[in-house]
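A short worksheet on the structure shown next.
Chain nomenclature is as follows: A, B and C, assigned in order of appearance, with residue numbering initiated at 1 for each chain independently.
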Amino acid sequence: MNQLQTKARVKQLIAGAMAVALIAGCSSGSSESAETSTGPLVVYSGRSEALVAELFSQFTTQTGIKLEVRYADSGELAALLITEGDASPADVYFSQDAGALGAVEDAGLLSTLPSDITNLVDSRFRSTQDRWVATSGRARVAVYNPELVSVVPNTIDDILNPMWKGKIGFAPTNASWQSFVTALRVIRGEAEAEQWLTAFKANEPVPYEKNGAVRDAVNIGEVSLGLVNHYYLYEKIAAEGADAVVAKNHYFINGDVGGLINVAGVGVLESSKNTNAANQLVKFLLSVQGQEYFGLKTFEYPLAAGVAPFSELPTIEELNPPAIDLSNLKSLAETQELLAKTGLLTK
Amino acid sequence: MTLSLSIRDVSHHYGDRLVLDSVNLDVPQRSITAIIGPSGVGKTTLLRLIGGFEAPDKGRIEVEGEVVAENSRLIIPPQSRGVTIVPQDGALFSHLTVGGNVAFGLKNRRSTAARARVTEVLEIVGLAQYEKHRPSQLSGGMQQRVALARALAPHPRVVLLDEPFAALDAGLREQVRDETVRALRATNATAIWVTHDQEEALSTADQVAVMLGGRMQQIANPATLYQYPISQHVAEFVGDVFVIAGTSVGAGNHVQCALGDAVPIANACPAGPVNIVVRPEQLTIVPEGAVGSVPVQIVGSKFFGHDGVIEGTLSTGERVVIRLQADQLPQVGSRVGVTTRGMLLAYTD
Amino acid sequence: MSSRTRAPFALVAPALVASVLSLVPVWYLFQTAFTSGFAAVVDELFQSRTLQLVLRSLLLMVTVTSASVVIGVFAAWVVARSPLRPRLLLIIAFSLSLAIPSYLAAFAWVSWIPGISGFLGAFIVLTFVCYPFVMLPVIASMDISDPMSEKVALSLGRTPFGVFRTVTLGQSRPAITGGALLVALYVLSDFGAVAAMRYEVFTWVIYGAYRAGFNPSRAAILSTVLLMAALVLTLIEARVRSTRDTFRLGSGVRRATNIQFGIPARIATITGAVLLVALGAGVPIWRAIYWTGFDSSNQVQWDVVISSIATSFGIGIVTSVVTALVALPIALLSARYRGRASQILEGSTYVAHALPGIVIAISIVYLGIRTLRPLYQEMPLLILAQVLIFLPLAVASMRSAIAMSTQSLEHVARSLGAGSMMTLLRVTIPLALPGIMAAGALSMLSSVKELPATLLLRPTGTETLATQIWKFSSVSDYASVGPFALAMILLAVVPVAVLTATTRHGVAR
């Protein structure tokens, strides 16, 4: 008579179904697992896709080695590599700056590069332990507007002169500017670096969002002088034609810290099971083809011996950049603290 | 007599508060039992225990002889007891149609048998043509009838109705109540009906259980309950009464009071002072000074249409209430004689 | 339900699994933080700069949360109570700003008004991104509460504003506090807006530890501060809620009506609504169109845009479905089986919400590389990370929906022979469907704009709208960013429409 007799079984059924669904949900899509030893070469690239994708595809065309490239911020990739440790799927780490390479090297994750690679690059532009090499360089310059400036400062101390008050543009969050400040700290020591930054702040520099904006502000005369990387000027000339660009680059020479050369660089992971192919990629980046690519595409300095920079640039020898172990640029955290302390980083 | 429900010595606490105190109740099959009592007395708690939404701290509950809960143990969960509920607000499922609501408790809801049952039950409550409607398209009274149909559809062992008409207005309430009783009788259902409306209970139930202060005071058929309430409190709760002082005399079958020197009482009382409980219809008006009457001064009158009540004072100053036919109401300020009819009730506190 | 009623195992088991997964980032953080020793942790945390930045974060959190509550309640009131129509359009317009990643919104503002950067800019951008977290649950609670009580209050001589303040707000309080908690946690964890606005807060040092210090363990140590803050906020909210949670009384079926308004009130309402949409969604959309520069010779690669939309949509759908499924048991337990244990379960899912995306991503890397190697940098792990990030959004949205349906409905279902699981499936869940759909829609919106976890955990070569925007904005190519930003906003209309279509389930108007 009673339709309401127990439905307790239903409960167990549902429980079972949910458990199955959970397991299925967790394991679906796991069919293909990467075979690191025979699969494509895995590259973690802190350099942007817009910049390097074309060069990578040239490499694949020439060698037949397929690349799997993961693009992200250089620092986050370094953190990723350090967290992954020995289990990392990455074979090659291509970084926007030397500091991140230094951190991965310190974690013992980079392998020693063969001498036929390291010999291609001047010792200033590779790790002291030969675990990474620079692939291109960016010189710090003062971009200036010749219509407003007659005497260009020769050193970073010259720009502390009150005549530049309110006339200097800079990009406080830009990594290259922060690398310059790191170099300042490393070369002159914390106290003097702080002193310089305090004086710089007192000269009321104008902050911009990006280096490109600093350059544009100089070009239209909003400010007279800007502290940027050398290639921003050439990018603008390439995009808008030489006639549209008034601004000029001034290089800090004679080892002044203002003329720091920052590098992008590459290393091969110790855990890579594909070292040969990885070394081949590094070699390709340092080849004439690779170096000219950076020279033409980004107007950066080629750093492999025997490749001349873009014609309008002074040579590295002429620049005579300050002597610094680029791995030491990894103390960026302290730099940011100092910038914050001197009121140059944030509002 | 087969019992559908048996409650044995059930006690229950909420925190430190004893809500149910050794409650006993037997409900015969195919009967309607009304549980009445003032609000907050534990009626709804009792329904929750019967329904299985909680286990009683102490005692035992049996449904058709099967122990469903005992001493803090929930032996049979609500869904397996065959005890359905009609809550105060109807609690229709707003995401289902009327038909979907009624079919909710049926097995194989899409089967022909289930569909036929839905139609059958909806016909019993007079809503067959609303099967495809949404609950939000129905009036409050109709919603309540759907809730009843839903509870009756799966042939429950017991149906629990928790003040099912409290939210309806007076005119509608009576109509829906009558339809509900008819539907319960038509389906041979066993029902437990919680209400605080004693008139509703007396007019519809086969037996009425009076709860006061967490205890079951008296369980009896309506007539017995009305005529022989076991305590002054029960008497006061069931029907209208007024109370005067008196003394139990003789063998305890009569009392002496302002209404007479030897008025018969229904319940034997030990000799001594007693409270005498009188129902308004137990007094009759006679001309002042008539034999066996006592004088009453009329001080107030209420007219209800079909009848009325007058209020008066006795020679002792005690208050009396008399129910009369509407055309017999004496003037306020006049004096009348009053005699008693039937047996009064007397209690020693 | 009485504490004596045991929650069904089929509910407790998946909730426990979800809770354990939610605690993966916490486990990772402590694991990593203490590798360098307890002294290092103390040393790192007790620096004056840490305290100063925590205070700045708290300032931003308090101001943005307050403003979001005010704006969110206003927007909800416009949707649920004002005579402005159509409702669908209003909800979509008011929710669009939620679809815009904070870094993009911030850049839109700062590229328009450079002077706005700093506290003001961060405050504005975060408020507009966050107020829908308050608005959406409040709309749901206003829909479900009885407008009759507002009419009663009017008849008792209260002014319309007085009615709003005392009755409407009072009934929506649990929804407001729940939304405010989500806003507060979001603000604590945000880096995109504060970075673009150059307003230095606590997440700066965490990102700094990754991007500038290349030091994950330092980042882990610093993140424990956010964990503590999240814990405190969650406890505060739980306390407020436990004294305020309202179960709807009265009949199981409701009828809604609107309060009539005069012309000045109408004008003020319209002005407010237009301003809100113009500033919240209008500014970023206008900037995105401006960047795209449709009138110039700029070539938009529509095929890439479309394939990115497809990828984002696919990940978003799967993430939202899984998030909803994972959140449901927790929300059901929390709403129906209240007690210490269910509170802890629910709270555990909130804690991770105060962590920046990068920290959760790195913690999933830590887990994945060790224990789920075959899934590493595959879709399931990316979706797992996103599910963890969005779980609190889903739980909050579902819990309030479930709590608002009356319990007598469940008792009826039980009495009719449905077991506790069947009751959930046949009654509780269908009735809470608006909340469940809203939870899915919120997860989908958040998934489409999620960046840090996607960058690190996506299968190589997978491009979502967010990664495309990142790719081009990182080289300042805003002409290319424009179309992807517009596509992202357009894609957001889908979940918002779902959300809207379901928020009125069962309401007769």
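Here is the rule we go by: contacts are C-beta pairs under 8 Å (C-beta built on N, C-alpha and C of every residue); 3 or more make two chains touch, one makes a residue touch a chain.
All values reported here derive from a predicted model rather than from experimental measurement.
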Query = If every chain is reduced to the average of its C-alpha atoms, which one ends up farthest from subunit B?
reply = A
Ask   = Which pairing of chains gives the most C-beta pairs in contact?
value = A-C
Key: Whole-Å gap between the CA centroids of subunit A and subunit C   = 33
Ask   = Just curious, how far off is subunit C from subunit B if you go by their C-alpha centres, in Å?
value = 52
Message = So the centre of each chain is just the mean of its C-alpha atoms; given that, what is the distance between subunit A and subunit B in Å?
response = 85
Note = For subunit A, residue numbers touching 2 or more other chains are 3-4, 7-8
Request  = Enumerate the residues of subunit C that touch no fewer than two other chains.
outcome  = 416-420, 422
Inquiry  = Which positions in subunit B are in touch with at least two other chains?
reply    = 77, 79-82, 84, 105, 154, 156
Key: Residue ranges of subunit B in contact with subunit C within the complex   = 51-55, 77-85, 87-95, 104-105, 134-137, 140, 143, 147, 150-151, 154, 156, 160, 167
Inquiry  = Could you list, by residue number, the parts of subunit A that touch subunit C in their complex?
reply    = 3-4, 7-8, 10-11, 14-15, 18-19, 21-22, 25-30, 32-34, 42, 48-51, 68-76, 78-80, 82-85, 87-89, 99-100, 102-104, 172-173, 178, 207, 209-210, 212, 330-333, 335-337, 340, 345-347
Contact footprint of subunit A on subunit C as seen in their complex = 8-10, 13-14, 17, 49, 110-111, 114, 117-119, 195, 197-200, 204-205, 208-216, 218-219, 322, 325, 358, 362, 365-366, 369-370, 373-380, 416-422, 425, 452, 455-456, 460-461, 471-472, 474-477
Remark   = Listed in rising order, the residues of subunit C that touch subunit B in the complex are 1-2, 4-5, 250-255, 406, 408-409, 411-420, 422-423, 426-427, 430-431, 433, 505-506, 508
